[in-house]
Amino acid sequence: MDVIKVAFFVLVFPGFLFQFMMAAVLEWMDRKLYARMQNRVGPLYTGQGGFLQPVADLVKLFAKEDLTPYAADKLMFALMPLVSLAAVCASGLLVPLWVIQPYTSFPGDIIVDAYLLAIPSFALFLAGWFSSSPFSLIGASRVLTQMFAYEVPFFLALLTPAVIAGSWQIATIMAFPWWEGPWWSVLLRAIGQTMALGVAITCLQAKLERVPFDIPEAETEVVAGPLTEYSGKKYGIFRLQKNILMYTGAALVAAVFLPSFPMVKLFGEFAGPVFAGLWLLVKTLFVVGILSVIRASFGRIRIDQIVVFSWKYLAPLSLLQFLVVLVLKAQGVVHP
Amino acid sequence: MDKDTIWIPVGPQHPFLKEAAQFDFDIRGEEIVGARYQLGYNHRGMEKACEDRNYYQCLYLLERICGICSHSHTTAFSMAVEQILNLEVPKRGEYLRSLVCELERLHSHLLWIGVAAHEVGFDSLFMLVWRDREIVMELLESITGNRVNYAINTIGGVRRDITDEQRTKVLAMVKDLEKRMEYYAHIGTNEPTFVARIKGVGVLPPEKAKAMCSVGPFARASGLDLDIRRDDPYGAYPDLEFKVITDTNCDILGRVIVRVLELLESCSMIRQMLENLPEGDIAVKKVPRKVPEGFALARYEAPRGEDCHYVRANGTDKPDRVKVRAPTMANLEAAVESVIGSYVADIPIAIASIDPCFSCTDRTTVVLNDVNRGRQVMTWEDLRKKGIEFYRKEVGISLS
Amino acid sequence: MSKIGAFIPEMLRNLTKKPATRMYPFEAVAVPEGYRGVPRFVYEKCVGCQLCVKDCTAEAIEIVQVTEPAPPPPAEGEAAPKVPKKWRMVLYVDRCIHCARCAEVCARNAIDMDERFELAGFDHESLKETTGPESK
Amino acid sequence: MNIADYPKAIQEAFPGKEVVQTRPRRFWIDLQPEELRGAVQVVKEKFGIFHLSTICGEDMRDHILANYFFGGKVCITLRVHMDHKNPTVPTLADLIPGAIPYERELRDMFGVDPVGNPDPRRATLPEDWPAGVYPLRKDCRPPRAGEPWPTVEVKTDEKA
């Protein structure tokens, strides 16, 4: 019985099938918002309001011819899409859709999640490196350079709520009663959290390689960067991986930074987890909406500019808010 | 080339190139240390083809040199032929020609701003600018009968008159558009991610621009005070009041500023022309089909710069030689040189900053079978057969 | 001075605006007056001077005489009745560049431009249009 | 300088040459190839016209003509007449670097050798274009619609 439960957990909910659905929904929402902000209509004809367009795109890609370059390392070239997909799907399992999740919720899962989210970038780098084309090589080196720029601020930002809650478990961080304590302590915590949220969302945008940080895949400069040689199924898997990454990354940010409510206490044993899950999804949509606005309002910056931006502004900012939180903690105002 | 240097080919097919051309860059890390270009992918043999066609056929053939500055090429060509024929185009005809020319400049510069934004990944600006460009395109369609190849010129004048209704429509459009352009000027010079990509990139010092014979907004952004409309006036321009916009930034920011300010200048010129539109004929009534022997050079300020047409007539109804020098040809060498020393990421925007149009630049080729190398020109049918055969043999899919 | 996020207000404003996209293939687009479509041939007016053929840049026009069976020989002592020549135009729409030079050069106004613009076909043959009197 | 003063000044600057004026702002001067560089210096220094608009080659049947258009407020055209057999012209690459692409085009299209041009590559023709075929000369005639495409047996130009 347990095997079936685990299989359901991994493959259906909140595993692959659910993540696939969320990826499709979020991509549709992102594309629609992006289009409307540019005064266009966006996807329109597949399903109601183009709702099925992401799925249709994926089906089309899977039906297309799959080419492997002659000079590429065949094994790594084929393996990298799967590795990155596996990593993001695993990280999706860690997102607590209800309060305490069986099998995957354990103390320290936020660290594991952060590392799992870093694997796709490495996979992308290796994919570009082993496809042996000049554009792929440039793209691969850009992936790595960019990763050094955003990864450290992202980790520092994720630490803030963990330090406030005094736990390395996402579910515990979510359950932290943020409304308790004197008003100024709540306010200070909120300021620290907001700064961390800004840093985290910026870094998430860089992790997802979207404008203004789509430097590795800059279409007009290096064709598609590391993915230049990919086509058909392998490219489809990379695309799917990117969309699932958008869901898991946004869900992680939404879970640890945006306020949660004790749903179980409010709505009871049965309805509580359902409401908790729905609330998390609403927060995820909100984060993706912000990501879309960022994507629409900026141009792409250069690789040297993102390194400068990240180490001049993002890293000091994340250090600063971390310091604020540590001081608050030492003064004993964090724990009510 | 040492072993640290990678050679990257950009083109003939590359997402940033809207037309085919080959650029080779030697890069070390992200820095460019060498650049070359090779043209010829868009050769269509137009100069040669003109020698086999009569003047009217040439006129509409030359209109197809380029989809953006189609009016420039026909105006320059008909100006050259009119010079040989000693025709005096009626004032109203001149005004209408210049009106379409300025409208074309509006849509060309708006197109360029959109393309430049797209090259640096600023797709929202690209979409909004092109949305507003559509207004100009529709006006041109209603005035001339087509969106792209206006075909309003004929030798000795223009073919269509403008109605009062269209006149008020153009004036209203100009008023709306001016407001939008001021907004784009604000965004183009203030949005930090956009400015960071264009400031100090692709620098072309004035001396170099002078030596490389640059033309148009590209040269004016380097501080060269060149404008055929003022230096060698034609059409309605002697009667109009306008400033020649120059900028001393010498980089892509300067080119954006020059183009945006030229848009506003064009708007004011359109208003002047429509308000003082003279009455009378729009074209010379009787134009001889045979052009007497002679030669003429017409210079014309196209949206991208100076457009030169040289025509030699030999007394028949066909020209003996037509030479077209499009502005991109003059600017390309300088643009490619200005990239050296900047980053790989700057290639698209630096090349695009001259508003390149390779169709304008290339014009001749004939495909011949080369027997010595055993290479043969493949027909479409042969290629298709070969593809089907390949798939049957190698992949095991039957496509037929 | 540069301002971070100078474009965000415009983006958010656009969310409430109606999209500028036109649903073209599903909703018809009206062409303006005087649009240059495809040459339309009025064969009653044509005198077969071939000027349009000469001036067509794309060599897309052919004007051919309609061959008709010879009229019955006239009766004795009568002059042969004058049979006007009839012309037929073969237009290769795939070559036509829609410059309207043929309409402009025609002295008899036998050609004008219609307003068609959705011209496509799977082969050259389907884009060949013949207008003129039916040959008997 | 006023537009009206130009004819006299140009005639003075090129003594012994016939200056043809077709329009108020168009001047045409016939030269031999070896006089070209001196004339360019005069145009640059005396009239301050640094802008070479373009170079236009022409096949005049009995000889080859290259027009150098210098465009400022007036357009001075230097017309260089060359032999049909072995046309050569001194390069302007050191005086006006912007002339390099035009000279390459001239070489491709008319077989005129710009002696001293630093760029030996083809300008616009494909790399396997047969050597010795110059498309814009009058003896090279492209096929019209309906005619078969020609197959020429020539040695491929290896240096390109």
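The chains carry the letters A, B, C and D, assigned in the order they are written, with residues numbered from 1 in each.
In this section, contacts are C-beta pairs under 8 Å (C-beta built on N, C-alpha and C of every residue); 3 or more make two chains touch, one makes a residue touch a chain.
All of these numbers come straight from a predicted model, not from anything done at the bench.
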Reference chain C; chain at largest CA-centroid distance: A
Innermost chain, where centres are averages of C-alpha coordinates: B
Centre-to-centre distance between chain D and chain A (centres being mean Cα positions), rounded to whole Å: 61
Chain C-chain D separation of Cα centroids, rounded to whole Å: 42
CA centroid of chain B to CA centroid of chain C, Å: 28
Separation of chain A from chain B, taking each centre as the mean of its C-alpha atoms, in whole Å: 44
Chain B, residues touching no fewer than two other chains: 124-125, 128, 131, 191
Two or more partner chains touched - positions in chain D: none
Chain A: positions in contact with at least two other chains: 37-40, 296-298
In contact (per the touch rule at the top): chain pairs: A-B, A-C, B-C, B-D
Contacting residues of chain C [partner chain B, same complex]: 1-4, 6-7, 10-11, 14, 20, 31-36, 54-57, 97-101, 104-105, 113
Touch list for chain C against partner chain A, complex: 5, 7-8, 11-12, 14-15, 17, 19-21, 23
Touching residues on chain B, where the partner in the complex is chain A: 6-9, 14-16, 27, 30, 117-125, 127-128, 131, 191, 193-194, 196-197, 343-348
Chain C partner contacts - residues on chain B that touch it in the complex: 53-54, 56-58, 60-61, 63-64, 124-125, 128, 131, 134, 138, 141-142, 145-146, 149, 151, 154, 159-160, 183, 186-187, 190-192, 195
List of chain A residues in touch with chain B within their complex: 37-40, 134-135, 137-138, 211-212, 214-215, 218-223, 296-305
